[in-house]
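As written, the chains take the letters A, B, C, D and E, and residue 1 is the first residue of each chain.
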């Protein structure tokens, strides 16, 4: 019993409850949702969002945004595919080149943000536009059309597909390897946040960068590292897309950056930084993937798709907020309150707490 | 006042069978960007066919190739009886379409993928070819003396739209592309206006969707350009513009037919083993709509069937 | 905590050895000249008290020593070498730990994380090395208890602590990690009498362990209790620079306030010890309007 | 001379300089940009973004986001057009109804944010999805297609078009009335921020909501009011689009919400709230409008459009940051520094300053 | 400023009239019980000092009176009427002005805007009414000058002020707008001797103008200079409740620290006035390890 209560008090419990509620809901309304195959399709769909979302979540905890995270997945794939197709070299070379390219973009993002003091929202918006334009421009230049050429016949395709885009079947259901990769990245991120010194730095940089710097945290290096993490994960998903579908549309990936942010925020990450959790972000991605496919499984009118999605999202967030509040109510034993800082304890320390965070000051209003 | 709804107009189209009375469920997957008038007609055709044949229709759409593949996959998961899908990005969809084949679900292609549908294992195909449609439009304006047409792409990086423009360019080498933000009428208008001001040698404006053509009319007026306007796709407003001569002609690939036939062919295949087209693609376009035939077509546009 | 001080103190410190020296240091914030021409020596085994009015430049001075700001003129020497710290990290690496007046803690982080922030105990050396979490919790709790602060739960976010408790976290941390120089910017401002006593004892202990201490306070009593050397700033310049023994508590107080303020005030506000029966009330009220 | 320096020290001077630089640049590279007509086209384009951006800017100064601001313009037009078309009533009735509807949405946004403590990013994301879905679903239901019907023949069209979508010519150039409306709204917002008590409240609510509440600022009412302002301006632009184009596509308006945010941020609004300026936002919208049309006037390769846009944006922001730093450098006389808080003075007070604001802590890094 | 006090004070105040009364008030933050069963009376023309250790619940207590938090048990009466304030605005409307320990100012806003925040001088009544900006600037500058704070430019953001200067803005504001009750939560903590003197004078002036004053401080000297009534909190409960005259400064100090701490400390840290020649240094260092 005490264990159960402790569990409920963990920061991701709110998001988890919301996920369960929505899951049960779809089990009830969508008969075709009730199969292992469907569940795994949902997991796969969530993993393609979730992998990058982990990085975006870390970055947001560190107090920054990356709007180029969606489009870089496409850039990554295009660099690999077109370089190898044009020069006829082994795909491994292209994959490494693409990785270097992505890390360089991440570094540039972070470096510009740190160096110029311009908000990351703007810097990465710039990168976003540039990459989007370059994707299209270069692809047209190289292939003469807006999609890259088929690369199945180039050397190295087999093993790379194994790594990035293989699947195996369990019973009648297909398990995509990205789901496993996703789990790995989430576990790694969670461990880093909770247990590694770097995790401490990330929270501090997002929570109060100046204070962090004053006690000797390498703010610049940490932030740049976070940007590079995001672009590494973007590269990873780009590789998956490329080796799964063989060709890429130059215009793809746009808009996904917001799905990542949505997943992070639904999972309880504070938009202003300093608070969040890797499991939460994973659950956020799962909620999004489940909702968007669940509506399809339920066969609802796609004209209303977005409306359903909106309602579901609001529902998830409300359940999340409600559970969080429950878990820090007086009925729970000590220690519980500590688990969900932004939900309630912040009220009378707002000059110390990010003052413009919507989550925190509003806890005050709720008290009324 | 007048100008409102014609109150005698029936609310929705005719009778039909109860949904699912035939026992078949058909998934219909497209790469529609939500809210596009063209796709609205494809869907209307599909729904009418479903009604006529008592089929349960599950329509879904996503412009992202990977996600569209996911939608096909979830249709396979849901064990539908047949799948109709657009094949605009054949390579990306190949895996999912083959998975459907492996699960014994018949697949019909529509709208795009003329060259590849057979390779992917789709049974039949209804549609035109974007490139061919573009090329035939290009040929016609070339015949009218076009030297420097402007092809307006209203969705960045769209394979289908790029193919249409490429088709036009194949017939008229002087073709130039322009990107506009199709979700914002004022942005479309001003961007076009700016382009017409910048390059006065533009003699034809080719828009790739009916709503964009209407914005182009606005832009032409603003820029006092004398370029002629031709477009892909139809809607009621546009049909009237053809009638009053503001638009030269529209090229129609009869989206309603594509939707209708895709569902019907699956129905016939499931029920009767029919193979429409006899192993060949069935072309629904391109068909030209201009002042010569507009009077016949105009009434249908109001019903959202052309 | 005093154990910690002795444990962590640099063994190589010789009493009287100059640790930090400032010569003619100045600092401008854009058009605002906050400091000019300051000379200061922080010596091992001594407490130097910096006093002064609000806005005199005390915090600016210590931010220069702790690497948070760069001085715009003059020379800063650490261990005899002229340096310009690029970041507080560099100062920390020289064993200089600071309690800042307004950069104390990260509110949303747990108490123990705040305590060890920037100096985490790890099993390895790389940033990705695992932290010895249990040990860190234990130490943080223990060090706070030594200050008389018993937090409900060492895992609670600092934002839920009272003002004074928060300040104690920052002080305990600096004391724990300060190896050569300890800088305290108004550490006792938010503290109760008991906690202030603890902090003053720390200052004394640090001095006794051979550290150099820079102690900023508005409380002349506190300053006089532990100081070896007193510097008074006035509008960014040195107004007094005296060793202990050359200046009495009363002189110090007088100098700080720019007049015999407190004593005068005491006289001015003096009133009968029995209350409610004041008969001069409103008359006096108007008297000291000025 | 002193006057000039004072002027340079105003917070919007950075954005203004950037705008001038880009303007001159396009004058040089794009011959067809050099006409009054082109300039007015740019102004018109900017006004359609700028009107809503003013509201979004105010809201962001107040510390909140509104992601439904783009799609509500379409909802506004659809409500008006379809209601009148379906019931055959005068367009004035529909316009008022639509206004009430929009204000209700704004109120709901604000109320939910205040009441539940959920970040406005999520709440308005929900509203965004719901509105987007409803636009499509309802339009389909009412008109049987995905665009609204022509309303030119319905009573009241003439005067309404005069108000919202008329234009007049000056020389050879067309001046759209939205440009005038835009100027009016900007002036009103600027006055409110600088001179009205409400402006004080907006800054305070965004800068430190808890502190503001503690000194008696009606935080809830102010915030709800800001959300309603945004939806009012959204309604206004919706009316313009409707009465200019007569019919509306149900899927339109999506994506514009980010243009508004971009305009506000380029114009110097702090993403975390508490700092910004109405003129700055207007200049931000102008920069965006000018850049996106300037590229067309210059006749650059449209495949690279986005890349140019990104570079231009980064350029604008860099110039902005540079001018701001200049204006608070020691070379300038006193008083100058006060004009641009986030640029430099914040460093050593970061627990008091929004700690996770990207702009503020980074000023510290720059010092190194 | 004292003019301001007299100007703004509610004319209807009668000395000795109870303004705020708390009976059995308690407050829990989730599982943390910060206050229980507190009785307190704020009386017109009297200064009530609330003292106590860090985390004792002082700030929590005044936040209840000022409407920032709701009490979870007990009764709060204002002017004899039981109330539960929904927001600080309601408390302000009852003439209760507060200086908060940690909710002082909005850093990015100009000094004068901060000064008048929530109580702007307008030409009309509606939120959209124009502010009398010039007048507001003048008054803010003038009131700060009275506290001995000369800011560079009244238009500069509060974030550029020093810690003590910021605190002065908050104090000056509360004093200017407090009409019936003035609540000060550790106002002098960040202040120099001179500024502290000014604040103490304000407290006295407010009392003389007939206001009820609640004064929280860690400095028993300050408390004893102006207090009429002393309340000591200990872990959320009342530990002492005495009128002036029933308690001496030394008793107060002793009670606050939970023992004769400061005096003892004074003895403990006592050392020769000539410096550098301490011979007991390290020996004493180990002696007070505990």
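Things worth noting here:
The rule is simple: a residue touches a chain if its C-beta (ideal position, glycine included) is under 8 Å from a C-beta of that chain, and two chains touch if they have at least 3 such contacts.
Which chain is which protein? Per UniProt: A, D = Xylose transport system permease protein XylH; C, E = Simple sugar transport system ATP-binding protein.
All of these numbers come straight from a predicted model, not from anything done at the bench.
Both chain A and chain E are touched by C, D. Across the assembly, the chain pair joined by the most C-beta contact pairs is A-D. Ranking every chain by how far its Cα centroid lies from the centroid of chain D, the top place goes to C. Between chain B and chain E the centroid-to-centroid distance comes to 72 Å (mean Cα coordinates, whole Å).
Mean C-alpha position of chain C lies 46 Å from that of chain D.
A straight line joining the Cα centres of chain C and chain E is 23 Å long.
Mean C-alpha position of chain A lies 42 Å from that of chain C. For chain E, residues that reach two or more other chains under the stated contact definition are 29, 32, 59, 68, 87, 102-107, 152, 160. Multi-chain contact residues, meaning those touching two or more other chains, occur in chain D at positions 132, 136, 140, 146, 207-208, 210-211, 213, 270, 274, 303, 305-306, 334-335, 337, 345, 347-355. The multi-chain contact residues of chain B, meaning those touching 2 or more other chains, are 34, 156. Every residue of chain B that touches chain D in the complex is listed here, in rising order: 1-5, 7, 11-12, 33-37, 40, 153, 156, 177-179, 181, 183-187, 190-191, 193-195, 197-199, 211, 214-215, 218, 222, 235, 237, 303-304. Residue ranges of chain D in contact with chain E, taken from their complex: 192, 195-198, 200-201, 203-204, 207-208, 210-218, 270, 274-275, 334-335, 337-338, 341-342, 345-346, 349, 352-354. Residue ranges of chain C in contact with chain A, taken from their complex: 66, 68, 87-89, 92-93, 98, 100, 103-110, 113, 116-120, 122, 127-131, 133, 152-153, 155-160, 166, 173.
Note for the complex: chain D touches chain A at residues 63-64, 113-123, 125-134, 136-137, 140, 146, 206-211, 213, 219-220, 261-262, 265-266, 270-274, 301, 303-311, 313-314, 317-318, 321, 343, 347-348, 350-366.
Within the complex formed with chain E, the residues of chain C that make contact are 2-3, 6, 15-16, 29, 32, 45-46, 52-56, 59, 101-102, 148-149, 152, 160-165, 167-168, 186, 189-197, 200-201, 204-205, 207-209, 218-220, 225-226, 228-229, 243-245, 253, 256-259, 261-262, 264-266, 268-269, 273-276, 281-282, 284-286, 288-290.
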